[in-house]
Amino acid sequence: MAKGFAVRREQVLGVAGLLLALVLPNLAVALGKPDLVTLGTQIAIYAIGAVSLDLLIGYTGLSSFGHAAFFGLGGYTVGILAFHAAGEPMFGVIPGATEAWIVWPLAIGVAGVAALAIGALSLRTEGVSFIMITLAFAEMFFFLFVSLKTYGGDDGLGFRRRNGLPGVAPRDDVAFYYVCVAALAAVLFGFSRLVGSRFGRVLQGIRQNPRRMGAIGLSTYPYKLAAFSIAGAGAGLAGALHANLLRFVSPDMLHWTMSGDFMIMVVLGGTGTLFGPVIGAAVMVLLQSWLAQWTEHWMIVMGPVLVLVVLFARRGILGLLR
Amino acid sequence: MTVLLEVRGLVRRFGGLIAANNLSFDVVEGELHALIGPNGAGKSTAIGLISGEQRPDAGRVRFDGADVTALPIAARVKAGMTRSFQITSVLPDFTALENVALVYQVRAGHSFRFWRPAAGERALLEPAGAMLARIGLGGRADVPARDLAHGEQRQLELAMALATGAKLLLLDEPMAGLGTAESQAMTDILAGLKGHTTILLVEHDMDAVFALADRITVLVYGQAIASGTPKAIRGDPAVRDAYLGEDA
Amino acid sequence: MTLTRRAALAAAATLAAPALVRAQGPALKIGMITTLSGPGGYLGQDIRDAFALAIESGAFGAAKIDLVVEDDGLKPAQAKQIANRFIKTDGIKLFTGVVFSNILEAVAPDILEEGGLYVSPNAGPSSLAGKNCHRNYFVVSWQNDSLHESAGQNATALGYKKMYLLAPNYPAGKDAITGFKRFFKGEIVGEGYTRLDQTDYAPEMAQIRAANPEAVFQFHPGGLGIAFLRQYQQAGLVGKIPMVLAAPSLDATTLAAVGDIALGMDVTSHWNTDLDTAANKAFVAGFMKKFNRVPTYYASQGYDTALAMAAGLKGGASVEAIRGALLKADFSSVRGKFRFGANQHPVQDWYGLRVERAPDGKLALVTKGKILSDHGDAYAAQCKI
Amino acid sequence: MTLLLEQMLNGLQFGVMLFLLAAGLTLVFGVMGLINLAHSSLYMIGAFGAAWAGSRGVAFPLALLAGAGSAALTGLVIEVVVLKRLYARDHMDQVLATFGMILFFNEAMAMLFGRQPLMAAVPGFLSGSVELIPRVPYPIYRLAIIAVGIAVAGLLYYLISHTRAGMLVRAGATHREMVRALGVDIGLLTSGVFALGAALAGLAGAMTGPLLSVQVGMGDRILITTFVVIVVGGIGSVRGALAGSLLVGMVDTLARAFLPGVLKSVMVATEADAIGAGLSSMAIFILMAAVLLIRPRGLFPSHG
């Protein structure tokens, strides 16, 4: 009974969210705040990253503190390919690319493979060690990109136009917004299938009781690694879209506070839920934007809000709604 | 009478503490073999070593004719042994049916299937439902495990262990924390399993042990000091010394 | 200090103003995207405060100016959001404020493509100075390289023959070393790269001592520089091996934090508190009176940026008209001589300063002489506007 | 040769500096199972406290005390108000809540003291240098840091293994319920341990202030290095923290000092400098990965 109710809630929420997302550009014009479209794009992009992190935190029970690494790698794949498309090929052989159908899958792949490598090492540990080792690996990538002068290092790397998509004008912000919303919808749909599948069942079993999973004959490591890699790939997609939104990538995408922000979005919205991370991303982006307009000391508000959420709203905003 | 499990000379140290000290005993196919001993005798360590959660510093474990000492847990489960835990250990957010279905899923091979909803797979749900019925939880299949009574959770755990298709069940205090009635129900279930499945039982409830066991091995300070039928153990002077000496 | 972010600073005028501007009616909005939070926040604060001071002291004449300030948190994404809102929702056309190059490279294209005008009070990255220069993009401060070119020239002028160079391993650090080398004529006996997250410089001190140079040039802005100087002193190198610095490594703020250690060090800058011009005297006095602290060179740049924009506004109301007037640089810069080069970056003089004890016992940067005259930058030649 | 010796001394000194920071972090984790990101804030508060006291003309040892004390006091407050409720929570909740605290403290300090770095001077009696290695002057202040680090290590060893409180600390880590059942006020114990950890962080901040830059956010960067230290050493083990600190300090220092030189023998000098710097910044992460490959729980895993 309770379960059926929850499922219906999620569906209602999903449909309502989708409707809101679809009319947002019109709404923005009506309200005289056209910048809301960009804000919405940003929310959709962060939501993709947060949803993918929730696969680890909420479903597999892995508290990764290095999600920004894959977000950044996805972004830099776009940036670096654009850089080489406009100039010399990479190492003199690999040509650049600007078409979305080449670049985006590549960004997803690069992030996924990197996650596979980092996960292979990190997943040898658990608990706090896992939190810290993922953090440390992300930090390592951060410094790598800071020191890469060819790609702008600390100053970042800008490029002139967004990746080409058939039928989408590169300068059209509203069109790009819809692309991001569509990507989010696809990710959410894929995600809901994934967590209900055999694979998803195993992940949820690992989260609830890894020892028990061992006792019924499952070696948890390959499943955790696969989840880590899939989540990394998801963050890679988010990073690629983010790079396209800004037409700019910089090491701050890989900064450890970005990993913290993704974690906050997941927990704020509600771990282990489909729409929780989306709500978390929306609240986070809007809160930051509004607080920052109100005072430069916005962190003095944001910090305690975070503490209060952890203390008193353990199941996030979605948990409060239930 | 074939020997299913052969434990030989297991040693396991934790710092200065010796939890298994040259431990040796056999479990014969089809029997219910109980492992008893005072607190801290190393019973749980023995289960841990046999199931593969812990690695011995010395000694061997042979199972079903093969040396499994170096095998990881999952491989031992595939070979046909599984364990339950002293502390209730189920998947609390899943229903009883989902708990057992997951065991059949794992048994069916790898789970790298990313798309089809597992909730609709009859190949998993049907045997799971049957197993729940067999263990007496047929009417509680759709209740989340966290909402089951303590005794029911222990039953569910047993159902999960059985669902692995194990030839040997390693049961670590299945009656711990159960009331009298629940204990009796569990004793009945275990009695019903006798003959179908070989069981190595660690248990503090001596009434249950002596009612159920075909043979008993007594552990003291990580060593097997006696092994035999309940009757023989009752009369063994070393056992009396260990227990009464401890208690006195 | 009250620090509301959207400090709308409207300045009413007392002076008679050109009719064209007065006819405009509502206040003209200038968008200032700057870094106010985090460790680098004091740079943005100085720029904002000095800009506001310029408005208050009537630099814009009768034109009503609404300075809309927002903190970018040193995050490019956040800066983009703000720029986007300023352009689309608030309809702002005139922008300034960005402190750091990475933020500027993220937001400048957006502003310029939407037909806005940007006047930089600080960052002047090479990527926007050469072939990617833009007719609506002005830099009032300096092209990044100039800071270090002047230091190289200074080291040559001071007669050093063997130098050891040290900078963090990131592009600005590498640019610093390249810029220095471009104007230094002596021998480089060693070169080291530190890390941005480094806190302990003991290994570098040992390497410097082992290399035994005549002097050291190091580029470590802000807190890094403070740590470096303190450890330089404790390693017993202060007084033994002199140091030549560029302005970002030792400004008025970091000088206050390191204290006597810095005594006698050579710094180069395009501006100093003691420059003898009427505009500068008014600015320094006004700033110290209002904010009770010594202005940094960031503050001077914020002030000059306001003056430059005010001069531009005299040209008319359209971006094109403002641009035309701005290009003439018809204002009394606190630095004295000032004009824009072909790439709309400054052509200006650079001075050698030394840390000395002022009569009141406090430490101060004292101007010792001119090092470079009418110095532009190497990228202007590639710029076609 | 003397350069190598000197750099090894530098490595030791950096290691001791890291130990001061890691000791408190790992102690709190070992006893309460709490992972406290805001440890870096306590470090910052210690540095600000000492610098502020110093600027008011307070003698250096007292300024140190002020730094450690202000950190301990802050620690006590956040322990009682917030962190007590988090001991039983999972680590991610702890990470998030303490991340929130970092934001809060950074901004609070900025509002109190401004964003400009603070002045913090080395006291007269500790300035200057001695020639430990002939013709290589070594700063006395750095030697003082080594001395304080050794003193702290000794004190912790004594506290944990030879006092009643230490016994409770050891017991509390493994059998919290049991200790409670024996009538020990576990709340008092955790508060005490947390205050001690905070005081150590504050002491580290106060001691390193005159070497570094006392400013908002100063602890955030070094926090990550500290994490590497305690992961390498084995989380929760003070002994491990000591071993990890020295190892990380040494590896980091020697890599920075000599890697570019080694690379220069195989490639162009300017390239070698930049690549060497890049590689050396990864050295400690590579070390951590290697340690975890061989010993997933660190060099000295704590019990339980």
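To keep things simple, chains are lettered A, B, C and D as they appear, and every chain counts its residues starting from 1.
Quick note on the criterion: a residue touches a chain if its C-beta (ideal position, glycine included) is under 8 Å from a C-beta of that chain, and two chains touch if they have at least 3 such contacts.
These numbers were taken from a predicted model, which means no experiment stands behind them.
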Third chains touching both chain B and chain A: none
Label of the chain whose CA centroid is most distant from the centroid of chain D: B
Length of the line joining the C-alpha centres of chain B and chain C, rounded to whole Å: 73
Distance from the mean Cα position of chain D to that of chain A, given in whole angstrom: 32
Chain B and chain D: spacing of chain centres that average the CA atoms, whole Å: 46
Averaged-CA centre spacing for the pair chain D and chain C, given as whole angstrom: 35
Chain C: positions in contact with at least two other chains: 37, 41, 169, 174, 195, 197
Touching two or more other chains - residues of chain D: 106-107, 110, 224, 274, 277-278, 281
Shared interface positions of chain B, touching two or more other chains: none
Overall pattern in which the protein chains touch one another (line/ring/star/complete/other): other
Touching chain combinations (by label order): A-B, A-C, A-D, C-D
Residues on chain D engaged by chain C in the complex (per definition of touch): 3, 6-7, 10, 13-14, 17, 106-107, 110, 114-122, 127-129, 136-137, 139, 141-142, 208, 210-218, 221-222, 224-225, 253, 256-257, 260, 269-270, 273-274, 276-278, 280-281
In the complex, chain A residues that touch chain C: 32-35, 38-39, 42, 143, 146-147, 149, 152-156, 158, 160, 242, 245-248, 250, 252, 288-289, 292-299
Residues of chain C touching chain D in the complex: 37-42, 45, 169, 174, 191-195, 197-200, 202-204, 206-207, 209-210, 222-227, 230-231, 233-236, 253-254, 256-259
Of chain A, residues touching chain B in the complex: 193-194, 196-202, 204-205, 208-209, 211-219, 223, 226
Touch list for chain C against partner chain A, complex: 3-6, 36-37, 41, 70-71, 73-78, 80-82, 84-85, 87-89, 101-102, 105-106, 109, 125, 127, 169-172, 174, 195-197
